[in-house]
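Note that the chains are named A, B, C, D, E and F in the order they appear, and that numbering of residues resets to 1 at the start of each chain.
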């Protein structure tokens, strides 16, 4: 296992540079630009007092997410979903994943009557857009519910725990952390893992692209994920403490 | 850990009755009714020589899947997706999962110029429709490619390995195998696992519904999944040997 | 006029085997599998207290129908309407026909505040899916409103009369009853007739495919239809009496 | 049976004033304004050398129809189907009926490589828009194929027979011909009948709105239809002979 | 600058024949056929007491417009937007323009609780359909609000001023008024101008098709527009005074 | 006329700070972030050798544009058009305007066989997003066609002239240049003007929101526009010369 195996020259357990830039846009209740290397995603959190129907009458709130890519965030231009007239399966799958992950981060009973929509829009994609979206979306969500608490709309900040995500995979038979696009294309297995700051699992989505993976490989990937998530959460905390 | 914890009275590691009925309909190249307890799914495999665009010119074939539920396969009537004018995110997510899982089962270079569409339509849903669909879809796909080989369209049966799926989860803090709908609603964690007959992983999709799960719980669920998949594959083989 | 003229060897005035299987699925208020020979349709009736807008405030209920075909219910795979994003003209035409026919069977004032949706999903198609759907849909509807009466939601069973449908046509210049798919393709005229148990007409839809039909041919087809509907209603009664 | 029974004062067997105005618009290969009393429909026939896929390679042509209503052609404004984003079931059903009816009027082998689209757009609706559309659409189609023959694109005019349509129904227990909107609302039975100039049937679509109709009533309606169609065809011939 | 430059032989500052025919259809609250030469548009105004959401609770009404073309109103058949499943960008752009223009003509506070929908449907298109629609739509709107006042639903006729529109352009380097389709195709610049009877501007939409236009050319076109609008308003007044 | 009339304290003829940042993303053939004050738009130009159908066989290329807003680019969250399933009328109108404007900037015969798509995605909106999009889109387009020439795909840079756009309007009865969102809401007239570096007009779209504007006001707005466009083009040139 040597670093020569990664196109970027990174060690197998090395994340790309991660950066969270708060207050990236001026209108949203929470707004952050998250960068995982060359992957750049704008995450905004919008607070509304219009809760979805299935929540009405319950003493709780809701958190949901939407995901999109700018047409030329990718190396080949991707057709604009608004022009196609529908969101594709991949988009729906990703935004469902982001939504579930972020809901696990807050106590929904702590935001009664409020709905928070986290929009994750990819400006530039170089692998890992969904894990960057979850990690950045958490920061935007944290900002938004903190603002709700600060303005006394709710009694306290209802964050249960920090939530972050990383991708892991098997490239050239070696388990690696935080795949960029080039690695993603070569990977035999690609897995997205969402964890919290108690080192517990929230979502696991793994796919063997060409060959199935063993229980041992699985364990190695989980080890890497745990390492990576810890690093992302460290950055989230630094950013939110500023 | 006692059987009292499951509403059905099953042991934590006990599958429901599994049944594969071949030749369930008369037109398809492969056709099977799969039952996991009260969950019933019609799986048909259709062979076509119209391959998708991205395959054209390559010496390989393709396998894809579609999934649907009859409106009253569920306890409350579900709106018909054809009437709504689009397939929902859940449907797209499931049919993408089935498609990826089944593609791992065949050597696509072994069916050059052919596209196989596996339709999984749920007649009655009692939890585990996606794992039943993958398990039954494999049988329909196996029938279809066997027929292609038997009619000398391709030189040999291009099945790489058997593929089956089960759900596992944590209900009342106990890891259990093959959740029915009642357990699904109570589960803290719900995971769908697709494996092959070499005990290796093809797809893992786990979601912590209310509380995150630990590495130990994860391991227990993987153990149960391995057990369950082995049983499903045993039934697939019995059925295909008839 | 001899039986040699029909591919199936049936006499011109002979129906295929008709079978109604009650309680085919477990959740619906009415549920039946109807078979006209190899044509198999699952009919379920769902009772709801959400009536359509145009009924609100009136002391009556409503009955509506939806129709669909599994993609591989046909000899060639039919594209899934949910994937296409809309129901085709044929589907809409058929479900409007089923809905009108079934509304004629019940006294809508007898189910005030209730809407019954009858779903007819074709598992296997061999001609006559719409007449099978009406005939089976009636049984499911009967079960559903009987259950409403039995549970004292309404004072009595509001069925005005039995309703059934058959197809008739002219094949090789001979009027025949209950066409299968092979005959359907050869027919010069194809007619679907819905009648009640008072031998009166509810719906008539006839189409001359290649050559117009005469008043005499029309009369012969009506005679056959009357005969066929009587037989279907006899089976409906047997099934509901069980 | 007296004329007092009809709101318009017409006798039961009396059509409204029928008028065909040729060359109603200037671009179409065939163009006619058809009026059945206050019902006014613009029918245009467009000839194209782009035949539908299922015709390609066959030595025949095709005829198809589309139908629409101006939003305020009706007493209450009807939502614009282009704005709703889809054609409703009624529209699709009607345009399928018009298309089948008009295809029966021409020898499709006589227009090889040509597709004729007949557009029927309702300017004002007072009952009978579909029968007016068929009757007017025939004239536009006749003009278009005649022009094809006159310009030597095809060797002769491929019209097999004249085709026209009328509505009949049972209003206040009396069979009547050519219902206007007021009668349509009161009718117990409403039937659209398409016939040719050999007094033979092409399409029959009858619906019992509230009470089923008997075989005798059926016969009376067919008698009226035959009478009405003869009158419409007389007018079509007068118009085309001009 | 001589009349030889226009295909129609008109002088550069000469409108086509303009004609408004009131009461063109019988159901609408306002209804007019407007003709600018061979361009013919049916304009109807429908009054409703269902105002859009953003108006609810305000003491004002609303005016909106919809636009459509019959498929064969053009020299080549245009695909029916209802069949395509959506209104195109050109249609939406035009109906937004018509709506804004007509809203400027009435005092919206003078029709509290009412929504007027003006439908403009093009029967035949020979250039200038949007300016004809605005000019005819104004007449239909005037009729509708006058009827509201006459029936004492509102205290007085809330028309602020007359509104009309013309197209101007530069064809063969000469500024011309009211372009027909042939000129439209050749024009270097094409401009639609909406003005009121106080000679003031409501909407200006100008496009340089192939070469940009100068400030002087701009001025000449505005002069022509002013002239043309005055003529259209004179005709509107004549028509409404009848 | 004093500067007190503008909320921002700007003089009536003063633009906001304008900034063009090249190479904003890494994949596109042209990529720029354009800022007009707080309005920020990412413009990318994508070169493709797939030209639209209506260009095929002609010795020319094509330029088209698409426009979108991030959901929270606005002070209230705007629904995501991809989720709504269609682009709204405003979006279509804007992207048609951008496309026409940019096509005027290049000699389409100079890019035979190439299609350039300019995507303008609004990150933050504070008025003037369409004029910023045109101005920034021009820079991205210039970069893309320059790259085509530099790589010898085309013989020379086919830019006919520089193209830029500004908004002008009448706020508090004073003509002003480059309205921000606050002014936009108060403006009686709002006009978007696209011009080239020869001081000639390409597009003019003016709307009187509440009261019509006079010929004199029109002239003042055109003077301001000319001034503003000159400034934007100066910045475009500075940016492209870097």
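As a working rule, contacts are C-beta pairs under 8 Å (C-beta built on N, C-alpha and C of every residue); 3 or more make two chains touch, one makes a residue touch a chain.
None of the values given here were measured: they were computed from a predicted structure.
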Provide the labels of all chains in contact with subunit B and in contact with subunit D. C
Selected pair, out of A-F, A-B or E-F, that shares over half of its residue contact pairs with D-E: A-F
So how far apart, in whole Å, are subunit C and subunit D when each is placed at the average of its C-alpha atoms? 28
How many angstrom between the C-alpha centroids of subunit C and subunit B? 33
Roughly how many whole angstrom separate the Cα centroids of subunit C and subunit F? 59
So subunit F residues touching two or more other chains come to 85-86
Tell me the shape of the graph of touching chains, choosing from line, ring, star, complete and other. ring
Taking the touch rule as given, give the residues of subunit C at its contact with subunit B in the complex, in rising order. 25-28, 31, 38, 42, 44, 46, 48, 66, 68, 70-75, 77, 80-87, 91, 117, 119, 121, 123-124
Spell out the residues on subunit F that touch subunit E in their complex, using ranges where they run on. 86, 88-90, 92-93, 95-96, 100, 104, 161, 191, 195-196, 198-208, 211-215, 218, 222
